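Shared chain: subunit A. Partners: subunit B in the first complex, subunit C in the second.
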Partner chain A sequence: MADFNVNLRGVGSVSVIDVNGYLDAHTAPELENVFNKLLIDKHYKVVVNFNDLKYISSAGLGVFMAYVETMRDNKGDIKFSNMKENVYNIFDLLGFPILYEFYKDEKEAVQKFSELS
Partner chain B sequence: MEKELVVKSTTDNLAKVRDFTRKTAEECGFTEDTLGKIVLAVDEACTNIIKHAYKYSPNGVIIISIKFDKDRFSISIVDEGIHFNPNSVPEPNIVEYYKQKKVGGLGIFLMKKLMDEVKYSTISGNKNEVILVKYLSE
Partner chain C sequence: MINNSLKNITRAKGLENAIIVSILLFLFSLFFPQHDSFLLLLINEVLVFLVLYFILSYIKPLLGSKTDSPFTLVLNAGILAALVFSIISISDSLFGSLADKDANLNIIYSLFSIILIFIFIVAAIYILASFRELFFLRQKTDPGMYFNTMQVFFLLTFFSSLLLKIDPDFDYPYNSFFVVSIVLISLNSLRVAWIAFLVKKQKLYLLLISTILSILFGFNFGLLLSETNTVRQIIFSFSPGFYSVLNLTMIYGMIYFGVIFFTTLFHLPTAEAFDRKAQEASSLMDLTKLITQVFDFKELAETVTTITAKVCNSYSAWLVTKKEIEYTLNSVHHISYVDADKLTKMLLDSEESDLLNVQTFSYDTVSTELRNEMREFKMIAIAPLKLHGVINGFLFTARHKDVNFDEDEKKSLQAFADYATVALENAKLLAESIEKERLEKELDVARDIQRKILPNHVPYSKNFQAATLFVPAFEVGGDYYDFFELEGEKLGFIVADVSGKGISASFIMAEVKGIFESLSKLILNPRSLLVYVNEILKKSLDKKSFVTVIYGVIDKQSGELNFARAGHPPVLLCSDNKVKRLQPSGIGIGLDYSSGFVNSLKEMQIVLKNDDIVAFYSDGIPEAKNAKLEDFGYERLEKIILQNKNKNLDEITNILMHDLAIFSKDHWQHDDITLVLIKWNKKN
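Entry: the complex of A and B
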């Protein structure tokens, strides 16, 4: 069984999602559940902290594709932080850096939201 | 050298498929970076089979056979599901994807980027095979 955990916490007005372990077609629905909860609660400013993510496949990448536009339509965004090189390389292969903001630290990503508002 | 793993078409088997692929590829002395590429390509191929060939039916069979010599590390993945024509899948453009809210089709594109060869064929009647190759003489 793939080992994956997802945790949601609030940092000011920003929602931070911590992802941990292996994000694949089996575990991606757990991450979708968190995004669905955010939409219900009308929380559109999201930072995903990848510090403990070891692996991602296109099923995981697809989750971010599915939700980012709704977040942006509501003056929010999905920003990424603390990504390991092997995980970033997959995002890079698919051209994600054109469409998403990547930050070294979670704090920096969270601060970007307050600069705008 | 040849090794085989047979699994049912469920996503909870993807971790088992990745472990099998990684352990076998480790015997060839690939770098960590290349190991990661091979493992992801096999995951993407099996995910596509579960989703598209078997439409998430859990009773399908996926046969993964790996063979290697000094030049080539070759993974054959066979299923008995719906035939798939990879040429029908256009190369994705991430900006277009964003506009269309389209989320599929990234797997094949990744496989082609990650491996040296990706070849689809139909074998003995109604079986589909995809062969993924990584060259050992990098």
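Entry: the complex of A and C
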């Protein structure tokens, strides 16, 4: 079915996750694996770069909901960046912008972490 | 046919016949201790022959069942040869004094000699029958003719010995038959294929036994040959025929065990390799059987490690499987889980990149850190579990000896690794098919729940029309809509979408229905109701799940519509020839349980005019996809409503359904589709 790729890289103390393709119930476990790895490594500052994401389903949204609490409890966060309009609309409809920070640019999101600490 | 039935009779009555003829012979010998006339001699010989024949036909089937263990046959023959030997030696000294033939002792003497003869007859026949079984053992072609020819010459020798009795000088026929018999014995003795199939230990044992037995038979032959030996005299005078057969038997034993000795000797150097090959073949056969029968991978893994250690001549073996980046130790043989785990990690960390074939590691090539860990092991071999170029795990084997694994051992190791791969794949496929079946059953249940939860009628009022459209997705998307009759001529309605799919979504759906069913009557304000619902669902929604809801209350008299939206797609209002999206703020239920939800949630109030249409729907409509994975989108939905606003509501739903079907005909419907339309139409 639809392709999905996820890539993890570090930018300073911040972990950046690049998501690519279609994030749905079938591909969500791949993203969950990355988050699990971050928890094991105690990396709580996360920026998700949506530049190459084409579609997200409710199961994809659920992944962020499942991990954001732990990140915030450990003085970290999950921030979103580079979102295409159609993807942003899905987040917006659900009210994510009230609970999560969205940035146009990945740099901006990474910087936001360093400003705080 | 006749021949066969005859055979059966002689076999079934073999013992009886043997006993009857033996008694006859016994009595005959008692009455005629010396048979001087040719007739008596001939009768005696025929009787002896019949005894031999019937005992042989009785013993043959008895030995036939022992062909699986040639060793037993050899040992039995050996014991009898030893018995013959001891009897000959003892009786010589015992009867030596009696040889003077005191007249009083004559009867006792002949009685003893007859018993002696019988013992010898049984022993000789048993030994011959054993040789016959050994002869036929492991023969691919039927060599029966050779053995039968030999038997015929035994027979000829038997009867030609009669001539000796008559005229000792006329020994030409006897001698030639005797010599031919020996030649045939020598030829038949070469059929010893069964030796190859013995394991090394048995071969060593056989080497020892054949030496002893060859010598023993030789001694027996020698003793029987010496004219002064009492036993020889007794037997010869009793029946020259039997004497010749007994001689031939001893010669047969001597030659046969001599041949066995040399054959075994030559087989010995290759014995180990042969053993290993045989073991490998039988192990592979066992494994093949196991693979088709055992679906428990763990059980199979244990067999694989045990056999691997054995066949690869190593002490320990263990099997790890790899999933993503995780290694799981499946089974260990002669090594602790902890040690196997440590060694696995160390070896794989350094070498995994080029572990596409069997690799061996000797004590010297490993890092010093590893050396401490593998004090015990001098040599380790690793084979990958490869399937379609993907490595699913590794099979390890380790030995204490500082001897490298040879090519055969490496091949065996890879063969076992391949078997493990197949078994692993089988187990996986089985689990998948079980899972698939389970999911299908689960979906049936979920669809059933959904069908029972959804209302089966559309509310009716003189002031408005209502219509609904619901198309379930194959996987049950979690859509829910409902209507609630409220006090004061009001109607509550809900359109909701539970995140996730299948049975878990349908359970939440059922819970949502229960909550709205009861609370809608108590809390008339849509916003307050949603705040309450968010609190209640906190307990049953897991972190990843959420519910989007539009809940509204419409006043059937005034057309006043009051609604709140929790993360759900906007309400569409078609009024004055245009469509507006009504999207009061509000985040989905389950996203936030603190002030965020309450603060964001806003309520909206509109008053419907005649011919206004309001549309509530799930994201299954705007997010329906075509082959290019483009969305159906809001605009198409709005356009359909606008263009058909004067038509009957049911017609509008039909048109939408039709357009949706055309749009996404090449793409599978992955979410439920729900639409609720209300058209205000107050008469006066």
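Note that the second predicted complex is superposed on the first by the 117 of 117 C-alpha atoms of A that agree within 3 Å, B and C clash if a C-alpha of one lies under 4 Å from a C-alpha of the other, contacts with A are read in each partner's own complex, and residues count from 1 in each chain.
The rule is short, and it goes like this: a residue touches a chain if its C-beta (ideal position, glycine included) is under 8 Å from a C-beta of that chain, and two chains touch if they have at least 3 such contacts.
Remember, it's a predicted structure, so these values are computed and weren't measured experimentally.
Chemist: Sticking to the clash and touch definitions up top, decide whether subunit B and subunit C on subunit A clash or fit.
Modeler: Once subunit A is superposed (C-alpha atoms), there is a clash between subunit B and subunit C.
Chemist: Between subunit B (first) and subunit C (second), which, if any, makes contact with A:102: first, second, both or neither?
Modeler: In the superposed model, A:102 contacts neither subunit B nor subunit C.
Chemist: With the two complexes superposed on chain A, say which partner A:88 touches: subunit B (first), subunit C (second), both, or neither.
Modeler: So A:88 meets neither subunit B nor subunit C here.
Chemist: So, A:26: does it touch subunit B (first), subunit C (second), both, or neither?
Modeler: first
Chemist: Shared contact residues on subunit A, subunit B side and subunit C side combined as an intersection?
Modeler: Looking at subunit A, the two contact sets intersect at 2, 22, 24-25, 55, 58-59, 61-63, 65-66, 69, 86, 93-96, 98-99.
Chemist: List the residues on subunit A that touch subunit B in their complex, please.
Modeler: Those in contact with subunit B are residues 1-3, 22, 24-26, 55, 57-59, 61-63, 65-66, 68-69, 86, 90, 93-96, 98-99.
Chemist: For subunit A, which residues are in contact with subunit C within the complex?
Modeler: 2, 22, 24-25, 33, 54-55, 58-59, 61-63, 65-66, 69, 86, 93-96, 98-99
Chemist: Can you name the residues of subunit B that touch subunit A in the complex?
Modeler: 11-12, 14-15, 18, 32-33, 36, 40, 43-44, 47, 50-51, 92-95, 97-98, 101-104, 106-107, 109-110, 113-114
Chemist: Which of the residues in subunit C end up touching subunit A in this complex?
Modeler: Interface residues on the subunit C side: 324, 497, 499-501, 542-546, 548, 566-570, 583, 585-588, 590-592, 596, 600, 619, 629, 631, 670.
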